[in-house]
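This report concerns only the one structure given below.
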Amino acid sequence: MVGEGILKGMAETARNFFGSYFRKDRLTTVQYPEQRDPPIEAARSFPFLVYDGEDWQQGMRCVACQICEKECPPKCIFIEKSKDKKPDANGKPQFFPATFNIDISVCMSCQICVEVCPFDAIKMDVVTDLSSGDRFGGLLLDRQRLAKSDQYYNSIHPTEAAAVDARLAAERARQEAKAKAAAEAKSAADAKLAAVTQAQPEIGGPR
Amino acid sequence: MTHLALLAQQLDQIFVLAAHWLLSDLPAALQPLCSAILSVAAIIIVFATLFAITTWLERKGLGRMQNRYGPNRVGPFGLLQPIADGVKSLTKEDIVPITADHAVHFLAPVLLVAASFMGFAVLPIGRNMVLVNLNAGVLYFFAIGSMMELAVFMAGWSSRSKYSLLGAMRAIAQMISYEVPLVLASIVVIMQAGSLSTVSIVDLQASYTGIWPHWFVFTPWGFAGFILFMIAATAESNRSPFDLPEGESEIIAGYYTEYSGFKFALFFLGEYIGMFATSGMAITLFLGGWSAPFSFLTWVPSYVWFFAKLLAIISVFIWIRGTLPRLRMDQLMNLAWEFMLPMALFNLFTAGLWHFLAAGSLRWLVCSTMVVVPCILLSRGLKHKKKFQVRTYHYSQ
Amino acid sequence: MNLEAIKSELEAAVPGCRLELVANPSPSGQHSLRIDSAHAVAVALTLRDAPGLRFDLCSNVTGIDWPGKQTTEKVKLHKLVDGTQQEVEELRTTTTPGSLEVVYHLFSIEKKHGPIVLRMSTIDRDANVHLPSLTPVWRSAELQEREIFDLFGVVFDGHPDLRRLLMWDEFVDHPMRRDYVGPDDYEYEPTAHDEVLRRANQHLSEGGGR
Amino acid sequence: MNTIADPTAQPELEPLSETSKEQLLEIAMGPQHPSTHGVFRMNVVLDGEHVVRLKPVFGYLHRNHEKIAESETYLGSMPYTDRLDYMCPITNNWAYALAVEKLAGIQVPERAEYLRVIVGELTRLQNHACLIGFLMQDMGASGTPLMYAFREREKILDLFESLTGARMMCNYMRFGGCRVDLPAGWLDQAKIVVAGFPRFLDEFEQLLVGNEILMDRTQEVGVLSRELAVSAGISGPMARASGVDYDIRKVDHYSIYDRFAFRVPLGSHGDVYDRFMVRLLEMRESVSILEQAMRDIPAGPIVDPKMKVRGFRPKPGEAYGRIEAPKGELGFYLISDGSPNPYRYRVRPPSLINLTVLEDLCVGRNVADIVTILGSIDIVLGEVDR
């Protein structure tokens, strides 16, 4: 009988019509500005620069190695290395980026900069409402706008950040142990040297 | 009891009485004219409001069928959405193609709206609520209805756009083809009522046996006529699944591709008003016009019933739109000429037989058979010719 | 299927064709067969229709540009300088013409084997860029050969409808060639630096742009 | 030369005479048209509503993807592949990763293979569901099936987002494995989504399969013969609807597909209805693959430990790797000259090659059939124009 399939289809739409009033899985719309989905940990929007401590300039992890600039597929990162050095979190003097610009209108959120960064200095943000009326100024993020604290990083990607922090802490501990060992070795050597120089005073003095 | 009945009657006639009261101080010579103007204004306001409500209802209903909310930002439940849409279309730029025939291009939407409103002149919206009781009312209605085809073709031709032209050609072919079954389907009612006057057709249906009304839809030929009329009315008002003239996935927007801003809105208005008018005619012819569905509900004002029936039909239109894909041109024509037309002709015969047979279950049996058998045979014929079926599939080894 | 066997079968089927095995050192092991353009269609038909081969699916057609190489070497020449025979060192540059290559990847739907890789090369990159079209053998080459004609400039003789595919008809160059220089009408980029910045500045100073 | 088979040759169309030219209408469908699925254009010559000629015009979305890839590192091209067929980024990633793995001889750990199959089949589900929705939209169904499809697609995209960080531009595969492992609870979530999918398919079938209008619109429309399908290199569900028994998952045994029991539905008419039904049936098979994969997934590393993110330089050579993408055979042909960038990077776009037969299918049909046929081919302009 012609019309059977049509009636079946109409029954289906009617079921959906009434179902949408009673079943949550039939009406999945999220009323966006008022309601929001719970944040997704793996989400990524655009990169930002992580800093430790309070002062973003002091604590910036980036050492301007320019690897991300080279690896960035759409070439949206622009870095200028500083002339001088500043101490990093471990107290080791490092270069820092004098300029660090990301053009987020070019950036395609691929996360490759994050993967290639050996210093865990650049990470992906989750903020998406970055629209701006100014194509060039508003979407070209400079160093200051890119810098976000480690606490912020921990708050948006807790699992990942914990792993990174553990890795960095281990690294720091290793460095410290190494430094300590070096210092001990140095002091031991000094002591030995001193002992030697004391024992053989007649030779004395470097030639 | 009589007091309540009187109240109900007054409520029923409140608009008629109000108009009388308003015009009673005017000189007698001016009264008919002013009465007409008042009624026309009322019709325009009421149905334009109904248009706004329908657009909201349609978007809401489609939304729910598609598991989304529909408009819900402007006003409570998005009720002010039609106003926002109106303001938007008023403030939009009105673009007329350089090569278009400006005068005709401008006139087409105006004519469409005017023609679609004119049909309401003969529709009895309530008891004693009809603008003019023409004794050729049904004839007038269909004559006015064919003016809409002219407007559509004017729009398509004057735009000088290929898509508009394709749309206009489709519209003409479709509307003319479906006018035949539309009229033939309504003739059965005229045969039975013996009158072309819409008022007497409704009056005839507004009586009851027990609690059941004498609507024509509750007879075999009336039911078949109603279904045929509704299918043809869907096609006449270019509604899905017969929305080929404006099939947006094929020919952009058909004949109003080159319209924008308020003229575009006028086309929408015209189409919806046309849909109300044909639905109103279906109600008048088959669903007893303003009469109540049960005898114990006659105290509800008559115009309420009319609009309730109208909204019910509109809801079905929306439901169909939310479900069905569009037909193709040749299929549309096949349906009109190979199913609708023979069916309508058979139906004429059935209605005649009904008239001459004595009332009783035998009459029911004979006439029902005469409706069902051709319907099955004709649809079998449609199906057989196409050989379409649900297929079974095999899998690779 | 063994490529050697296919080669000998083809040589038997198409007399006079010159086939050459091209080894592929990568772990993929997809070695290829270079065919000469004069017998290409006959070889292709054999590949498609021979009952043991039945390569009925031409999956992929690729154009490759191998630009000519300029090699500079020092040569010692005996020349008359100031009336005396002297040995003079001179720089001589030799230019190999380079070629455009078209690669066809064939599979068999019937026998479910493949791929076999066919290669054809033009004589050079400028004047002699004609190759026979294999579209009459496999329809699937139709759009892909048009694309190669468009982006590399290989002219396929016997193609039913050889027009540009992706670039517009008025475009003159072939953008996938390796020596193609893009137009410098770049959109202004705020992060422009180095080469891009230099070219953008040059473009702007020349009064370019819109 | 005489063995060239007739059914596969280009259609011999009668030349248009001068008088008939005057009565013909030439319209440009696209690049701005509601149902060309993007910026695709067809120059159609009509006689009334009958199609006399149809010439597709490409390139409105051309960005020379292949040229860009030649100046990127191998890894740098990975996010660009997302943008080829943007409906199914993950299978694009997969095809590219597979080609590079062939080129450099990289092994993929078992868990990574399972992850690939899971996300790949999820991609197939959402692509087919949406395609059917778009097809119905082209037929004028007011978007209802499309909305149902999008409702289900949202659930799958949510899964992608919580796994890869992005809904569409996933950038998930790496050479020798995948980028990240499953987050906690992901598999349970995915199991719920997959378990609910057959119910959606039942609804879809109820709504569409028996619908007379749909059958009338699609059956015997756009018939593609088996011979032409093979000759024109048609792949994927479109070829299988014409009865070509060729599924690369079965033929190449790539990844770990030979561990799963699944069937390949075949059509016998090659019309639009078959293409629609084959996709519907394929979704059911995908669901069964997903159930098996999620049941069997082992623990282990997700990427070849020898692979480093930076400094990847495959040895000179070439490789052609292909997978059964939702749209058809998606292949990548790479030539390495030993440098960090590929010397030549070629995409075999199934959408483009499936369009080869567009004119053959449309000539003699109606305007309304053009959009149905185009919709049933399943194209994405990001891939057609590259």
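Order as written gives the chain letters A, B, C and D; numbering starts at 1 within each chain.
The rule is short, and it goes like this: a contact is a pair of C-beta atoms (placed from the backbone, for glycine too) under 8 Å apart; a residue touches a chain by one contact, two chains touch by 3 or more.
Note that the structure is a prediction, hence the values are computed from the model and not measured.
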item: Central chain (by mean CA position); value: D
item: Chain pair, A-D or B-D, that carries the greater number of C-beta contacts; value: B-D
item: CA centroid of subunit A to CA centroid of subunit D, Å; value: 35
item: Whole-Å gap between the CA centroids of subunit B and subunit D; value: 44
item: Distance from the mean Cα position of subunit B to that of subunit A, given in whole angstrom; value: 63
item: Multi-partner residues of subunit B (at least 2 other chains); value: 65-68, 322-324, 383, 390
item: Shared interface positions of subunit A, touching two or more other chains; value: 2-3, 5-6, 9, 12-13, 16, 28
item: Residue numbers of subunit C (touch at least two other chains); value: none
item: Complex contacts: residues of subunit A adjacent to subunit D; value: 2-6, 8-9, 11-13, 16, 25, 28, 40-44, 67, 71-73, 108-112, 115-116, 124, 159
item: Subunit B contact footprint on subunit A (complex, rising order); value: 1-3, 5-6, 9-10, 12-14, 16-17, 19-21, 26-29, 31
item: Residue ranges of subunit D in contact with subunit A within the complex; value: 72-73, 75-80, 144, 148, 151, 154-155, 158, 161-166, 169, 171, 179-180, 183, 196, 203, 206-215, 309-310
item: In the complex, subunit C residues that touch subunit D; value: 24-28, 30, 41, 45, 49, 56-60, 62, 64, 103, 105, 109, 112, 115, 117, 136-144, 151, 160-161, 164-168, 175-176, 178
item: Residues of subunit D defined as touching subunit B within the complex; value: 25, 27, 33-35, 46, 49, 136-144, 147-148, 151, 207, 209-217, 219-220, 245, 247, 250, 263-269, 273-274, 277-278, 281, 366-371
